[in-house]
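First chain written, first letter: the chains are A, B, C and D, and each begins at residue 1.
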């Protein structure tokens, strides 16, 4: 029995109830929950790497009538990623939210969001995915509105409405799929789907819903205000994990479930939108006045890179080259998750210590907050894609795949995007290292500065040097091609 | 036989509902509209309940329908009262 | 039989599209919340119409259960949206 | 295909639905829009009855039209600041969105018609009815919700909890209404009692007839709304600590039963043989309470007085 597969979902859910019931103990309960979730995810990843994909038919009903949980290399990798980021941001939050009331409000919602993320990564059922998307959306909105500042609430409300529309588009696709194929189980659907109008339109609806949630250009307009006005730990997770969750579904649908349905033309369309996202997002990030806004626009750009892989994957024949490109895509997504959460947390530290996050007034920050500025620099290395970060390897593969398939169009896009990224990162560092008068040394709080630093190190060093292991784990079984576990 | 009788009751109820709705749309003033709506609709509902009960031909069902009728009566009476007294106050102010 | 499914399925599609458009173009937040609800109702309608299998046969219970879940999710989202909107109208910190 | 009177009724209902939706969304008068939306919800409930989905008809009347309507009517009191309005959408863009809308509806309809006519119509129904006897209940919708797809319902309770916590985090409840007159006060008293009774009946009936935890929970929430309309502050709501337990009850019951199965060497959320009916009733009772108080809190629009007391020792939020 694979009942342990439920743990990454049920631990945060159960502990969120405990945090609700014992509001004064919310922080220890929350940290304990995140630690336990991390352990469960690590165990799951280890099991999957040893024994291959795992399946659990909930309630003992055959998948189709019942709901199946399913874990393979891709989902367990993302599970591990989200557990690490959530733990780091959670530890950071204990310094960020100091009033007991704030903590009591924060923790149950935070754990509910973890529940949603992990339920989404493990779900093997189309309608169940809709429910997890809604849980993710609602808990993320509630978290983004914490603090109750007018701007944050307004952004949260717009985020909520667009998120609901995205979910509805997804649900419309689910409806059509059920009408045409009579099942909701992903593995069953994979065998049933055929390239015909019902599948095309259903897929188009679901993909558009997910694109809205992933904030692909030109559907990105809601992201910068929502991410830039939320509390710092929440921004970190919104940028690092929440948009990635929708992207994960997109990837799984595109490459696995609807593999026979997608067309090269659609892949090109996604690639072109991705290219525009890279250029537009990087440009706006360069022009941003506030550090958090910069980070948010940089998310738009970084997500764009992920979409450049779609036309390449469509052109590459199945085999080693395609596997390598796929591995690069996952490496890119992971690196961005760690680097961007580090960037948001470091920004949060600066915002709290300095009282603002205006880039031009960062002077003296390097002297006052050396660890945090170092974190910014490390995260910047990963965002630009310099060695030894994981993004460097990923971009390198992106380049070579673009050249190998003759899709030269992407080469200047990647180059320009990287140059712009370098420009905005060095712009921050330039101001941060500028001398300023009256700067006093401040002993910053370890629980605030260290989580960000660790995330940045993960992004630049571990994912860079450990990429071979990741590659070997993820690519052969990433999309397990429907092997029954 | 009871079916036919039930159908007649339901047809009659339709007349009352129609009259009530037309009254709501055409009569001037809140009070007149309320008057038309509550009176006609309650009678209409009563006839409908009797008709449906006859067609259903089940005592338990008939009792349930009766309960529905009573509840709607109470609710509409109180709602009408509230609307009327509100309208009275507004009327005095303006 | 199938005609009933088609009538409500297509109606559902239209409601879905009408709601989606209003939710994107309307300025008023309350109107957008209404629009999201109507759009959702459209999808639910299409889903329930799939389940209908004629007057004699019991309908497929799966879509019914899905829509029941959907209705609760929709009211949760509506409640949160309205609370945010209220907070927005009250907050005056900028 | 023969066109019968039923199909004419269907067409009439469809046209009414579309007309109501269109007029609810097209006017600029929000009050009108909300009232028309409530009418839309009631009509939809009729459509559910027509499509032989009585569980949904009940839920829609209680939640979709009832509670959502009450929430929306209440929201009309919060005027929207006209200050941050952007410029009118240019006519060309309006036309473009209209065309997009038609395209969306047309492609949905195309796929829908193809899918429905190309399928034999059985889908999962045969499987569900085939396993109904083992599910512990005889109402197939309850069987799906609480047994076959119980995991969905568990997560759905989590969605409700997330929304409730989000609302609670936004600040204090709305100010209560002024004290009502004698007539309304009397109505409130005895209708609340009646609502509680009917909720209990629906909960019990859900095992074999239309009804269940959601409809019952919505009715209990309606009782809270009635008390609120009767001008009572946080009335009908227990103290903070108990309220927290009530909010957690549904999910907790689900999880405990879920892991109970693990100790019996069954799959998560699998009920031991012969005990399904009882366990489902237990879970539903807990879920009903959670749903009722979540929706009731949603109507208050914020945290009731005393909510924060147990989280911070008197420090202001």
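We adopt the following convention: contacts are C-beta pairs under 8 Å (C-beta built on N, C-alpha and C of every residue); 3 or more make two chains touch, one makes a residue touch a chain.
Please read all numbers here as calculations on a predicted model, not as lab measurements.
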Contact-richer chain pair [C-D vs A-D]: C-D
CA centroid of chain A to CA centroid of chain D, Å: 30
Whole-Å separation of chain centres (CA-atom averages), chain C against chain D: 12
Inter-chain centre distance, chain A versus chain B - centres from mean C-alpha coordinates, in Å: 57
Contacts with 2+ other chains: residues of chain C: 9, 16, 20, 24, 29, 33, 46, 50, 62, 66, 69, 73, 76-77, 80, 84-85, 87
Junction residues of chain B - those touching two or more other chains: none
Multi-chain contact sites of chain D, meaning residues that touch two or more partners: 108, 112, 116, 122-124, 128, 149, 152, 156, 159, 162-163, 166, 170-171
Touching pairs among all chains present in the structure: A-C, A-D, B-D, C-D
Of all residues in chain C, those that touch chain A in their complex: 9, 16, 20, 23-24, 29, 32-33, 36, 39-40, 43, 46-47, 50, 62-63, 66, 69-70, 73, 76-77, 80-81, 84-85, 87-88, 91-94
List of chain C residues in touch with chain D within their complex: 2-22, 24-31, 33-35, 37-38, 41-42, 45-46, 48-53, 55, 58-62, 64-69, 71-80, 82-87, 89-90
Sites on chain D touched by chain C in the complex: 1, 3, 6-7, 10-11, 14, 17-18, 21-22, 24-26, 28, 30, 33-34, 37, 40-41, 44, 47-48, 51-53, 55-56, 59-60, 63-64, 67-68, 71-72, 74-76, 78-81, 85-86, 89, 93-94, 97-98, 100-102, 104-105, 108-109, 112-113, 116-117, 121-125, 128-129, 140-141, 143-145, 149, 152-153, 156, 159-160, 162-164, 166-167, 170-171, 174, 214, 291, 294-295, 298-299, 301-302
Of chain D, residues touching chain B in the complex: 181, 183-184, 187, 194
In the complex with chain A, residue positions of chain D that touch it: 107-108, 110-112, 114-116, 118-119, 122-124, 127-128, 131, 147-152, 155-156, 158-159, 161-163, 165-166, 168-171, 244-245, 247-248, 251-252, 255, 258-259, 261-262, 265-271, 308, 310-313, 315, 317
